[in-house]
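Okay, so here's the structure we're looking at.
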């Protein structure tokens, strides 16, 4: 591309413009370093290395599979949360919606009123409806997501306790607990739920990165006004994001039920903040428009690795909370500094 | 100007827009001819932005008519105006900061891959969008190092360049620019003015809304003066001085009769 | 991509990595501390409490730590994130099994929901003992070391009855929460001790408090609106009792109302001494944990396996003993043995 006529390209002169897309492994590494996911990836590696040195039990297939299994519920919630945060929203109701969806599918299936698969669909459907309700209030009534989801948190929480009558539901049919079962891969037992979680993340990484819908989600998060003026139907898009997030919470509900083997009305009470923690640790900006879902997976894994590694070292869980707090502040600081630099 | 004999590309007659008791447009007229840069100036509250919104579909006038290439049109929204080939570069609202240049160029008009990858998996054809963006940027002689870098890493002038390139790439009839130099420094403003000249030289008429008189006088072929909700003058910057234009704008003096 | 840009982003990840490394280095220090003299071949015991923050569980952890030291065992602790957090406890069990513990002591947040995870741990040869509250079914764990909560309620019920000396009682019960076994056992025990049945007309008000002081206060305020002549208040624990006291005092009813409670925390016993609470049933979390650690060590070293229910004892603490209320200790004894 010629630059002879200078403006409005600023200094320095362009070399080969777009054809300068780097290729090869080092270039791929460089491109990766430019993404907000680089920080969490490095942090996860450092943490992994540290725990490997500290405990000979850490670096085994079985233990790592365990960590993935332990983060799948919050990780999946955090996936939905990421979509919403990318649009510069926030969802405080995700854990409560999941708990309600979980108790609905567990109770319907345990009562024998519905075939297990229909009960699962009903639970996921309830979560999707909650997501859609959040979205409708945010878009049509123009309420801030913080307030809407704060209200919905209480509504879903109360409905969970009313519907469950405070009773934990046990003796669930196999269809609800199947995702908690494992299959051997080499000498490691992997749970089906872990596979589903990772598949979900890959799917949404594709949707956000490779489709127009994904680009529009980022544009909406950058500036709803810009998005609207470029012809994106922002109302419909925002509604869709909240609804899809609700659906993902439904999947999380199934994962939760399968993991614990029961329908638990008290589940998920801190999962809203835990999911936001995973999103932030994953390098996604709370201001919207910046971040990657794979970062969120890494963020969730960082929390899981610290929890597991510290337990292997014999450090009490309160220190894990302490460290998670420190990591969140570091992550947000890094986000702020990098944003300031690009301004 | 001699263009007054040909058909205007975009023409408005008697536009009226009222908000309750406030009359934003009070029978405003507008004419834009092929191959010109038309500056629209006016004091705050003169109905400048209402006029532009009416021309770009962001506002539906209560009365009045619009003609595009001599044919009557009605815009039901910004999208509708864009479908008719009118592109707007909005002040401060031009680009999505975290997306890269190619994504911004094609935002809302993405191109999907051919075959099932595109139709079933909805996969974007990023390569093609990058190549086409590069071609557009080259056309306008906007040099950028990488089309994959996010727009927020660009300078203000470069960002405006991306916004203008996008508008030019999609505009078939008119490019409207709302205060394109307001947030820029001297050097960057000069770059954007050069860019506007190049757009005009490619045959696209440009409507420029600006408060900056030196810029207006530097680049405009004609000046549309808006006052109290109507057009009070259409003048050539060659016939008037800056202080005369300001006097007309503020109502301190009358312009010579509008050639109509 | 410009050199400049690459440098900023690389330095960004470098900064993150450096920060993570720092944090981890800090951890190494705690790690050493927590492991203490821990080495290979020692018996490893895991303690999982309901939360990290309740003084009851802090005392429990303290008892476990002392016992571990005395028995040459290595202790690691974990807790749910909130009262009722089952998944957090499941994760803790999994991680402890992965860490190779010989036994786990747990106060279940959900008596039913925790059972599958405990079953998996026991299948791997880990001895699991429930502390303070049982699982459902009770044989979900190898053994249960706990206060007899029904008896704790019975003691203060009988005491209240003796103090009333046949006067017509107007009773308020400030309970825990629906569906929680501990709350129901204490409540039912109180009724039995007082010699009345559920639904007796002397019970004029029943409210849930979640064992929280401010909720206890609000509950008492509401009860006084409903029945201003309440003269006996049963409370699920001492924070709820202190909340009730505050509400009664505001109405000028603190002097002529009898508050009884359960727990024996230090704040609670001080309130007994100060006359705010008439009597409390003291339980011994330190003993639960210490006995639990001992049992795990014996199991690992001598292959002795505990089973069934072990009562860790409960004592009525009051400075105003009443005739016919049974054996009681004064607040001095209570303070010597209190927790929190």
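A, B and C are the chain letters, set down in written order, and residue numbers restart from 1 in every chain.
Please note the rule applied: a contact is a pair of C-beta atoms (placed from the backbone, for glycine too) under 8 Å apart; a residue touches a chain by one contact, two chains touch by 3 or more.
Here's who's who by UniProt: A = ABC transporter permease; B = Sugar ABC transporter ATP-binding protein; C = Sugar ABC transporter substrate-binding protein.
Remember, it's a predicted structure, so these values are computed and weren't measured experimentally.
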Legend entry - Most centrally placed chain - per-chain CA mean versus overall CA mean: A
Inset, instruction - Specify the chain most distant from chain B by Cα centroid. - result: C
Legend entry - Rounded Å distance, chain A centre to chain C centre (Cα mean): 34
Legend entry - Distance between the centres, which are taken as Cα means, of chain C and chain B, whole angstrom: 70
Legend entry - Averaged-CA centre spacing for the pair chain B and chain A, given as whole angstrom: 41
Inset, instruction - Could you list the positions in chain C whose residues touch two or more of the other chains? - result: 1, 5
Legend entry - Per-residue overlap in chain A, given as positions that touch at least 2 other chains: 20, 31
Inset, instruction - Provide the list of chain B residues touching at least two other chains, using ranges where the numbers run on. - result: 145-146, 148, 153
Legend entry - chain A - residues contacting chain B, complex: 1-10, 13-15, 17-21, 31, 206, 210-213, 215-216, 218-219, 221-223, 225-232, 289-290, 342-343
Legend entry - Residue numbers on chain B that touch chain A, as the complex places them: 78-79, 82, 88, 90, 93-99, 103, 107-110, 112, 121-124, 126, 130-131, 133-134, 137-138, 141-148, 150, 152-155, 157-158, 160-161, 188, 190-192, 194-195
Inset, instruction - Please give the residue numbers of chain A that touch chain C in the complex, ascending. - result: 20, 22, 30-31, 33-34, 38-43, 46-47, 50, 54-55, 57, 62-63, 66, 69-70, 73, 165-168, 170, 256, 259-262, 264, 266-270, 307-308, 310-319, 321, 323, 326-327, 330-331, 334, 337-338, 341
Legend entry - chain A contact footprint on chain C (complex, rising order): 1, 5-6, 8-10, 12-13, 15-17, 19-21, 23-24, 27-28, 30-31, 34-35, 38, 52, 61, 74-79, 81-82, 84-88, 90-92, 94-96, 98-100, 109-113, 115-117, 177-179
